[in-house]
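Each of the two complexes below includes chain A, the first together with chain B, the second together with chain C.
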Partner chain A sequence: MSRSVFSDRHSARLFGAIRYGLLLLAAFLSVFPFFWMLIGATNITADINTGKVTPGSALFDNIRAFVAQVDVPLVLWNSAKIAILGTAVTILVSSIAGYGFEMFRSKLRDRIYTVILLTLMVPFAAIMIPLFMMMAKAGLIDTHLAIVLPTLASVFIIFYFRQASKAFPAELRDAAKIDGLKEWQIFLFIYVPVMRSTYAAAFVIVFMTSWNNYLWPLIVLQSNGTKTITLVVSSLASAYYPDYGVVMVGTVLATLPTLFVFFAMQRQFVQGMLGSVK
Partner chain B sequence: MANVMAQNRRGGLKRYYDVNGWLFIAPALLLIGIFLIYPIISSLTLSVYSGRGMMMKFAGFGNLVRIYNDPIFWKALTNTFTFFIIQVPIMIVLALVIANALNNPKLRFSGLLRTAIFLPCVSSLVAYSILFKSMFSVDGIVNRTLIGLGLMDQPLNWLTDPFWAKVVVITAITWRWTGYNMIFYLAALQNIDRSIDEAARIDGVPSWGRFFYLTVPMLKPVILFTTITSTIGTLQLFDEVYSLTEGTGGPSNATLTLSLYIYNLTFRFMPNFGYAATISYVIVVLVALLSFLQFYAVRERR
Partner chain C sequence: MDTLPLKTFALRAALAGATLLAAAPAFAGEITIWCWDPNFNVAVMREAGARYTKAHPETTFNIVDFAKADVEQKLQTGLASGTTNALPDIVLIEDYGAQKFLQSFPDAFAPMTGKVDYSGFAPYKVELMTLEGKTYGMPFDSGVTGLFYRRDYLEQAGFKPADLENITWDRYIEIGKAVEAKTGKKMTTQELNNGGMTRIMMQSAGKWYFNADGELDVTGNAALKGALEAQAKMVKAGIVKPATGWNDYVNAFTSGDVASVVTGVWITGTIKAQTAQAGKWGVAPTPRLDMAGSTNASNLGGSSWYVIESSKEKDEAISFLAEIYGKDVEFYQKILADRGAVGSLTAARSGAVYQQADAFFGGEQVWQRFSDWLAKVPPVTYGIFTNELDNAVTANMQALIAGKPADEVLKDIEAQAQTQIQ
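For the complex of A and B:
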């Protein structure tokens, strides 16, 4: 009896150690490339290529070289403009629709919703050619409007808000109706504040997708004045002999805003995700 | 009289309800119609045309015949499938195991570990492709570490070897997306009643048994959701392979994916919109088929 308890406890302890080891390894592997990026920004290319993992002294040279090749304020402004305005409108349009689909159900609208959900299976590659031709006809090639327009109604975010709306208490709506609020007022003044964490999580997801968007901007933005940070860094890195020290400065610059948004909203993000899986 | 009035009022209420229902979804429907539904249909019509640039002729099933005889298409299809079949299961299992290990109230630093493992999702596809490319260079950190550990005698040229280039792509995608899927499992796990697991533990069910016979079945809907989204993501893989191989598709097209091939057909070579559109519909059909299979596999056991 006592022996079996002992061996149970023993194996539990061993299991716990294995689990901890696994988690630490996963955490290390997850964080290492970020560390590598920061260290890389301070080293010369030759050191990066030979796997040096200690900080070097080339940080300022790398920054100087980067600034000399790239119009940093303009490029960051382009990215920020697209990401912030695009995200704001996307969340507004998609959350209104997600709420509408859930609160005013009818057979026809439910069917439309199903069709919309099915489009999630269509890859972007399948619509990019007609979309490009459409933008060319409208004279929108090389404009930021062309980048933002196709992303404004996000099927995934509509789905996300419809799922989250199921948890919105019906009593709140009824009470507001009795007080004489119109439907848009209920949405704006009651639903939006109550669903704060859902909005925060949606903001994190949409902002990151928009900031990191690559394929569509690559096709549409052709002149240097309109390019985003992602495009610029990518073209620096695809040189025949890329100057990795300089490229690393660029990747740091391209990653900082998303890192900042994530850490600033981490708590609400996790809460919002929890709400969507219920 | 009263009856008629009630009927009128009910009609008015229904109209009020309906008008609001349409108004709320109208902006989204308009945008989806123009920028999603129209291109989807337009792409389907394009697929029966062939020709260069804007000069296109009706080709009927000509594009399908061309697909059948196009070795590069088959190469891209095989590559895409290889990535899908190997990468998605590895990532889903890893994410499940990590989420399960993290979901222990007694675990110290669980918040810190969770943040660290989720962190890769924050990086842009382009940025992490660049990082992986530099880490896997011939004299790079990965080769040096492996040689240092005695696992390898001489440096491996990862990105110019057809087999190892695929391994790098799979490693890179797994690195980026495991934490993302883990968050979904973690969220679902925290909504599961702990007492079931506790009861099984007291009854002497070992932890691996609880994992396979309790946790996994209860997470089935979330696993299905993440498997389908990962399937869609992997089948339209583009950014990573484009960045890792400067858009060429790697050594002898070893990492050429269907999306990259479509891009090349449209914007790199002489544009052939019709043929590219046909290939894009191959992806649509594949995704639909695979999603259906995955639904079916889960439904059947209920």
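For the complex of A and C:
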């Protein structure tokens, strides 16, 4: 009897150790690239090539070289403009759609919804060229509007808001109606505040996707003045003899805003992922 | 609840957002150029533009840099969509990929036959941009190859620079064995998963993976067979220090681990960056295959400028390229001195920079030598599937080294390549 208790405890400890071991390994794998990026920004290319993992003294030289090659404020402004405006409008449009799909009943509702979900299965590469032709016809090539427009109705975010709306109490809407609120007022003054952690989570997701978006901006943007930071870093990294220290400075700069947004909204993000309405 | 101001606000915000996002400048008389590498191609193009603007002040240049793969992706999308106003006036294309673009998009690029004097360029650079009798593009940087070697190691092993002139790969292997016996250093290094050496050897004999008609030429290709056998022989003779990846490869010769390397002229800057090794290096012609038709000259890499046929600035773009890249010898001195760029205009050799003796290479006139070899690189047709063939070759290299007969390995390569290119 006592022996079995002992062995149970023993095996529980063992499993605990294995579990923490695996978690540590996963944490290491997730954190190491960031660590390597920060270390790289302080080293010269030759040291980065040999795999030096200790901080060097070239940080300021790398920053200076980066600033000399790249119009940093302009590039960050371009990225920020696309990401912030794009995210705001995407969330507005997609959350209205998600709200509508859940609140309004009709025979065709689920058929239309299924078709919309099916479009998730069409890879972007397949629609890239037709989309490009549309943008060219509309005279939007080399504008940031061309990047934002195709993302405004995000199927994933519509889906996400519809799922979250299932937990939105119908009584609230009924009560608001009785009080004489119009539909858009219910949406704006009842739904949005109640669902704010869903909004926060959606903001983090859309902002990160938009900030890191690469292929489409690459195709649409044509001049140095409109380029985003991801395009600039990619260009620096593809030189015949890339200055990796400078590339790392660029990568840090390109990563910081998403990190900032994530940490600023971490609590709401986790809550939003678990479901907004308690 | 006051709803009006809210509506107006939303409308205003949306309008402000739209105008903020839609501003795009465009004006005439501007030549737009797409290329990669800010410190090389962009810098060279800026210099070219500045020279042209002196005589044509009304012309401005807009040089946009993207990653190399990105330039290709954008060009591909723009051409495939038929949206010509989304294309630049001039674009840089890597030589190995030129035929792919020329053949996939007929009439997309402007032929320059008759507008550019191509006889002034290395013939192989002209051949790779020629399709059905028309020549497209302006030849730019060359990857003419040479044998870069450590004088000190070879001297220790009893070899004089003259012993390395115009040798065969068999002789190279013999020398390599002697060098290792005397100095303990391997003769060379190679990235075994990289097809570069096969390409160098094959082109030295005027052959490629494809014949002049673009058909696969593998099983009956004596030069390819010779190239594979020579590499297997080098590995078996133990004169190669294997490298895993580019950095390892570069490190092998810059750190003094190996006595020589055969590669493109563009490596010169990397070698000369090792200032402590000044005077210890030399250059010799690329070894040749032991077969009729093989020369002591070849090429690895390089790229060229192309003008888009539908471009509004087409004529000006062509006359710009013809005036600067086509004949400005001083321009070629400047880009060699500032950026280490070796162009393909053979007349450039008459300039001061090309004639300089370089103490780093023991006082040799290295640029004169490269210029000699540049003119001798055999022209070949690169075809449109070079990368696919490279993969098939490197995948089968180990079997050859392990002792499989070369003819059978060639059959395997051909079979594997056919599945990939169809």
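The definition used in the following text is that the second predicted complex is superposed on the first by the 275 of 278 C-alpha atoms of A that agree within 3 Å, B and C clash if a C-alpha of one lies under 4 Å from a C-alpha of the other, contacts with A are read in each partner's own complex, and residues count from 1 in each chain.
Here, contacts are C-beta pairs under 8 Å (C-beta built on N, C-alpha and C of every residue); 3 or more make two chains touch, one makes a residue touch a chain.
Since we're looking at a predicted model, the values are computed, not measured.
K.L.:
Looking at the overlay on chain A, is there a clash between chain B and chain C, or do the two fit?
P.N.:
Once chain A is superposed (C-alpha atoms), there is a clash between chain B and chain C.
K.L.:
Quick check on the superposed pair: does A:S238 touch chain B, chain C, both, or neither? Answer first, second, both or neither.
P.N.:
In the superposition, A:S238 touches chain B and chain C alike.
K.L.:
In the superposed model, which partner reaches more residues of chain A, chain B or chain C?
P.N.:
Of chain B and chain C, more residues of chain A lie in contact with B.
K.L.:
Touch test for A:I129: chain B only (first), chain C only (second), both, or neither?
P.N.:
Once the two structures are laid over each other on A, A:I129 reaches both partners.
K.L.:
If we overlay the two complexes on their shared chain A, which of chain B and chain C does A:T255 touch? Say first, second, both or neither.
P.N.:
The answer is first: A:T255 touches chain B but not chain C.
K.L.:
Per the contact definition in the header, classify A:V194: touching chain B only (first), chain C only (second), both, or neither.
P.N.:
In the superposition, A:V194 touches no partner, neither chain B nor chain C.
K.L.:
Looking at the overlay, what does A:W36 touch: chain B (first), chain C (second), both, or neither?
P.N.:
A:W36 contacts chain B only, not chain C.
K.L.:
Contacts for A:V53 in the overlay, against chain B (first) and chain C (second): which applies, first, second, both or neither?
P.N.:
In the superposition, A:V53 contacts chain B only.
K.L.:
One more residue to check, A:Q69. First (chain B), second (chain C), both or neither?
P.N.:
A:Q69: touches chain C, not chain B.
K.L.:
Of the partners chain B and chain C, which touch A:A167 in the superposed model: first, second, both, neither?
P.N.:
Neither partner.
K.L.:
Which of the two partners, first being chain B and second being chain C, lies in contact with A:I96: first, second, both, or neither?
P.N.:
first
K.L.:
Report which listed segment of chain C has C-alpha atoms clashing with chain B; options: 21-29, 57-65 or 75-83.
P.N.:
With the two structures superposed, the offending stretch of chain C is 75-83.
K.L.:
Where on chain A do the contacts with chain B and the contacts with chain C coincide?
P.N.:
Residues 49-50, 128-130, 132-133, 215, 219, 234, 237-238 of chain A touch both chain B and chain C.
K.L.:
Where on chain A does chain C make contact in their complex?
P.N.:
Counting only chain A, the residues touching chain C are 49-50, 69, 81-82, 85, 89, 128-130, 132-133, 136, 140-145, 148, 185, 215, 218-219, 222-226, 231, 234-241.
K.L.:
Quick check: in the complex, which residue numbers of chain B touch chain A?
P.N.:
Checking each residue of chain B against chain A gives 17-18, 20-25, 27-29, 31-32, 35-40, 42-43, 46, 94, 97-98, 101-102, 104, 107, 112-113, 115-128, 130-135, 137, 139-145, 175, 178-179, 183-184, 187-188, 190-191, 207, 222, 232, 235-236, 238-239, 242-243, 246-247, 258-259, 262-263, 266-267, 273, 276-277, 280-281, 283-284, 287-288, 291.
K.L.:
Would you tell me which residues of chain C are touching chain A in their complex?
P.N.:
Touch list, chain C to chain A: 1, 3, 14, 17-18, 20-25, 32, 36-40, 62-70, 73-74, 77-78, 80-83, 85-86, 88, 247, 251, 266, 269-270.
K.L.:
Any idea which chain A residues touch chain B in the complex?
P.N.:
On the chain A side, the touching residues are 15, 19, 22-24, 26-27, 29-31, 33-34, 36-37, 40, 48-51, 53, 93-94, 96-97, 99-101, 103-106, 109, 112, 116, 119-134, 149-150, 152-153, 155, 158, 183, 187, 208, 211-212, 214-215, 219, 230, 233-234, 237-238, 244, 247-248, 251, 254-255, 258-259, 262, 266, 270, 273-274, 276-278.
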